[in-house]
């Protein structure tokens, strides 16, 4: 039995595409942490060790609470990450998740404030509203690309700013709270149900958003890997011409990919603001989550499951950075530095993969593998 | 493990301790006091802008040994409201707001009469010869609104005193929608100056620096906010300050002197030197320390009852027999 | 007399293949030396090594008797070696002039001396009768002219050792004659030439000596006039070669595809590249459209298959008007298309082989249930094709198409298209870049299809292929059909005249 | 404002002031992408250049060793150098390591602001670096007295503007009149052809990416000098706007110039309206104005993009083996 599974592992190591990728991602992560450690070492040798330790263990520092928080903070990142990854698989670079997220957030909050008659369905409808408006916002660059050949990167960049200003205008006109100069708070019935009773103590704000994220991961994973629809999307992403040759409707798939990507970003927006005590601002700055999403999707090798783990990892680092404030005096930017370096190393994945493959071929006994 | 403890803690709402206005003023106050009385101190940044995250940071501070937690910014109302009951043995200082559910026994609220500060600035500007005025607020949060209202009142009050006409049209009273510097803000300010504005009061944190740069380009003046910003640019005529330092000091003196004014709401205004202009008037031509002091005493004594809202502004105008107010309620409270 | 070039025991290995295995070659001053071999024999590789494009694994190179190390084309240029590559290496959106001077620019204080270069190029093109417009963009000139640009590149660098890698593959017999003359002139000036070709009669016409490669190994060097063509062919292939495919007469049945005055535009220049083309394709026949590359055959096929819109005219499939049908519909209504560019259109290189096998049929109920794939069905289907068409690859159905050899990629495409069981098969240069084994296989398959009563439309540049396979021949020149022929009543030379536009007759299809 | 001319005197300098950083950085993007290396790291490189540049200028201003404009000049230079160095990271990843160019660029975009804030905090105790001086040139001697042109171009201007214009001219000549330019462009169009002509693809691409970094780094400094008196670890999305301008400009210098002009003009109008007599009393929400430049660009793109001309080999790592 043991032997058999051993062999299974070797098989995986040797044959599966993912094995080398996973390993090289791990190398990238270690590299990033190392650099972060060196920076801390350079600045305050006495604290560098404890600093690194904190970053790695922050998630567990405050038991179930910090653990719950970690997951909670990673939810929007996972979602925007998948949004970007999904478009990426169709060969589109959705740098516009930020705009889609903002517009989606507005829609969700608007519904959350006004459609109180929905009762128990309220929050669900609010999330759906976020998805729909996000989809709408995402479909614009899709349409422009398909019918006017407009580069989706530029279009998305422009739509980020337009979305940001538009949401401010909409907030001011429809859901404005004068005292706080922010958006009104959604009705309690629109809040995402807390999960804390189920899996953590009462102190974590972990909510249904995480379940939503898991559902999105599952659905996108199935779409991309098990369905004819995903097949079309990927085929268009890999080779436009061959797809046309095969009779696959390129335009349709581009539009759908961007629309779905936008919908997911919209859901991310909903999960961010359908919580008590977090209000949309009228400050004209782009929400960072959208851009972090790009990094995370890349770190997750633009596969939904990869993004899930990359996102959780990101949340953990963030949490670590938060606790860094008590164990050391390093400013939290150290976390961003580490993440940046990890992303950079993950860009070198190709190189690592060659190397890893080389090593594997050395270490894995040919006999163990058994080619089919 | 093995962390040192910090008795005095500050939490930032958003932005950072080097925003060159509100947070920074508070933080410098803390540092100054703590160094003088050698106490340990630290600040904490929440991981996001939400009540939950604020509470999380407060409790992080407490876990790091904080006995008194200072939270500058009205966004903390909810978080402090909860924290003060969850942690009765810790003291809280909430600046610019009152906790949700009232001020607890272990909490003081500190409010500033920003309108008085703005009044002083507006008055000084007009006395110094400004005739066409402008106001750029960051976002219409209560404190910024009070700054603006007071500024209007002060300007017209001085104009009336001098028997001159000033122009302060509605389209010269705006909220920028940002506290950050940008070329947009600069261009906007520049266009005002170009169109004849003599001075702009920027109650907009970092965005103020873009106004400064515009003022420099146009060879005109602007008014800084919160702290004395004259060091940032030669174009800063004066700054409408709120003395965060002394506010912090009062609270800390109280706390460590076992006379913590728990349960109280301190309103810091001219009457208790909570607001002021920097007492360097070298950049003025027609306004002196003497003029300032006389004005200040009249505000402090309540002889001039400075308005804080549009409604009060209107009644202030009729009471003082002022005319020409062009800025409406919807401009001041969009 | 010292040879100008001596390549001793060259060995060059690529991942998965030994392209050159201990090959030696000697080039004498002023001679034209032919290099003969099947596809994949290693000819281009050997020359690329000489030209410094690939580092050699073993062996040595001597130029004018001295051992040299040629690390890159610069070294080659310095040694006076120039090369016309099999696949032209030109910048489409750059001018002829820019293409010629690139890498060998004359500058004055860092600024390019365009005018002097311009004159120099004009002078050269007049001296060697290589007419081109220096200011024209490459993408706007014919393949023949592009080859002239490649030759001018060498001459511009004053190369006196010239390598021509299959220069005649893209030319008409007439153009070939011109080219061979130019080569003679060049040698009379004391330049030495290596000529790669598959065509024995060219070797006979012009080459002094000939070196033969087979599967990467050097088989030997012979003096051309001492050996027969049969001998050469045998050395090349390693067995007696029969120069014909067995093929019975065709039995055409009813018309399945009919083009009426088709016109297709070039998407960039917006000018018609297929002009008012009409023809009928019948079941049970192989209709060939012959012509030199770039005379509209590609666009015609795009028009038929829907990759490009039909600007005017009419397309009938089984009598139905299909002019505006989507690609999908045309696929479903019975057109199989073996595309000219296997990597661009034929395959998704990053898909596994099995995924490539269902490129048009992923939506067929055999392969999915309510949009969810039946992976086993797909696996079986792919394995059947791999089996039947002898597609060789590392991991079978799981192999990434990218890692497969050109010929095997081509066989896979062929299998996929034929297994779709359509009754119209459009095959565009189906044997390009394949070795004789693969070529025979494909030729026989096409003939078998015909005999099964399918309609085959063949687009080919290779005149011998055209002659062996066709039941009817149409010649296309500058977007028009300029001649219709019965292969039994014509020869390559006559076709050449039409392909080069020097002759044309009204085509009544 | 009294007359149309006054309005121009007011608006034109503003437009120029925002064209320059946009165009210079977009040009930077062009240099990288024309060699085939995608560069969405412009934002990050700008930040890095601005950071180092401003730090140096700050020190120089404090120690008052040089005249002000001299310091500005040095600042731009330093910005360029550090931008170039920073860009080599991208070059290394995408040229030597054949990395996914979008990933490595994203990393650079994340890294620069984090590092600049981190170090600024550590060394200066604040992430706001005030240069402590204003580099505006009131009037250029002599030139400013030329009628119309003078007030338009030679008053209340920045040195960086003129340097920017100069560099733009140089860059165009370099691209289209010199050997290096020809090679840069060829490598992005068909590396295999260039390789067969003995051109070192890797070297040329490095040069392209490094020049790109230098221009972006300088652009970062220009941005700070002309829009605020200080730097706080961000160039507020200008790098991405420049990227948009480059694509909008169809990877051609002239196109870039036009795109930048178009975008800058609308952008200035959208912010200066409240100083323009006709517009200032319209009761249109300011957000509408703020959206204007982006909407306008989007619309323009919808009509300008029909056949876009990106360099052919863009985004592909060069692999000699591939045939």
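Note that the chains take the letters A, B, C and D in the order they are written out, and that residue 1 is the start of every chain.
Everything below uses one rule, namely that a contact is a pair of C-beta atoms (placed from the backbone, for glycine too) under 8 Å apart; a residue touches a chain by one contact, two chains touch by 3 or more.
Just so it is clear, the model here is predicted, and its values are computed rather than measured.
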item: Highest-count interface - the chain pair sharing the most C-beta contacts; value: A-D
item: Chain A and chain B, separation of their C-alpha mean positions in angstrom; value: 38
item: Mean-CA-position distance for chain D and chain B (Å); value: 36
item: Intercentroid distance (Cα basis), chain D paired with chain C, Å; value: 45
item: Centre-to-centre distance between chain C and chain A (centres being mean Cα positions), rounded to whole Å; value: 47
item: Multi-chain contact residues (two or more partners), chain A; value: 168, 172, 284
item: Contacts with 2+ other chains: residues of chain C; value: none
item: Residue list for chain D, restricted to those that touch at least two other chains; value: 121, 287, 290, 307
item: Chains that touch, pairwise; value: A-B, A-C, A-D, B-D, C-D
item: Touching residues (chain side chain D, partner chain B) in the complex; value: 1, 10, 14, 17-18, 121, 125-128, 130, 134, 136, 156, 223, 226-230, 232, 234, 236, 267-268, 270-277, 280-281, 286-287, 290
item: Sites on chain C touched by chain A in the complex; value: 305, 307, 326-332, 337, 339, 344-351, 355, 359-360, 362-363, 367-368, 371-373
item: Chain D residues within the chain A interface of the complex; value: 40, 89, 93, 97-100, 102-104, 106-111, 113-115, 117-118, 121-122, 237, 240-241, 243-244, 247-248, 285, 287-288, 290-291, 294-295, 297-298, 301-303, 305-308
item: Chain C residues touching chain D - in the complex, by the definition given at the top; value: 14-15, 51-54, 72-74, 76-77, 83, 85, 87, 89-94, 98-99, 101-105, 107, 110-112, 153, 267-268
item: Residue numbers on chain D that touch chain C, as the complex places them; value: 177-180, 182-183, 185-186, 189-190, 192-200, 307, 309, 312, 320-321, 323
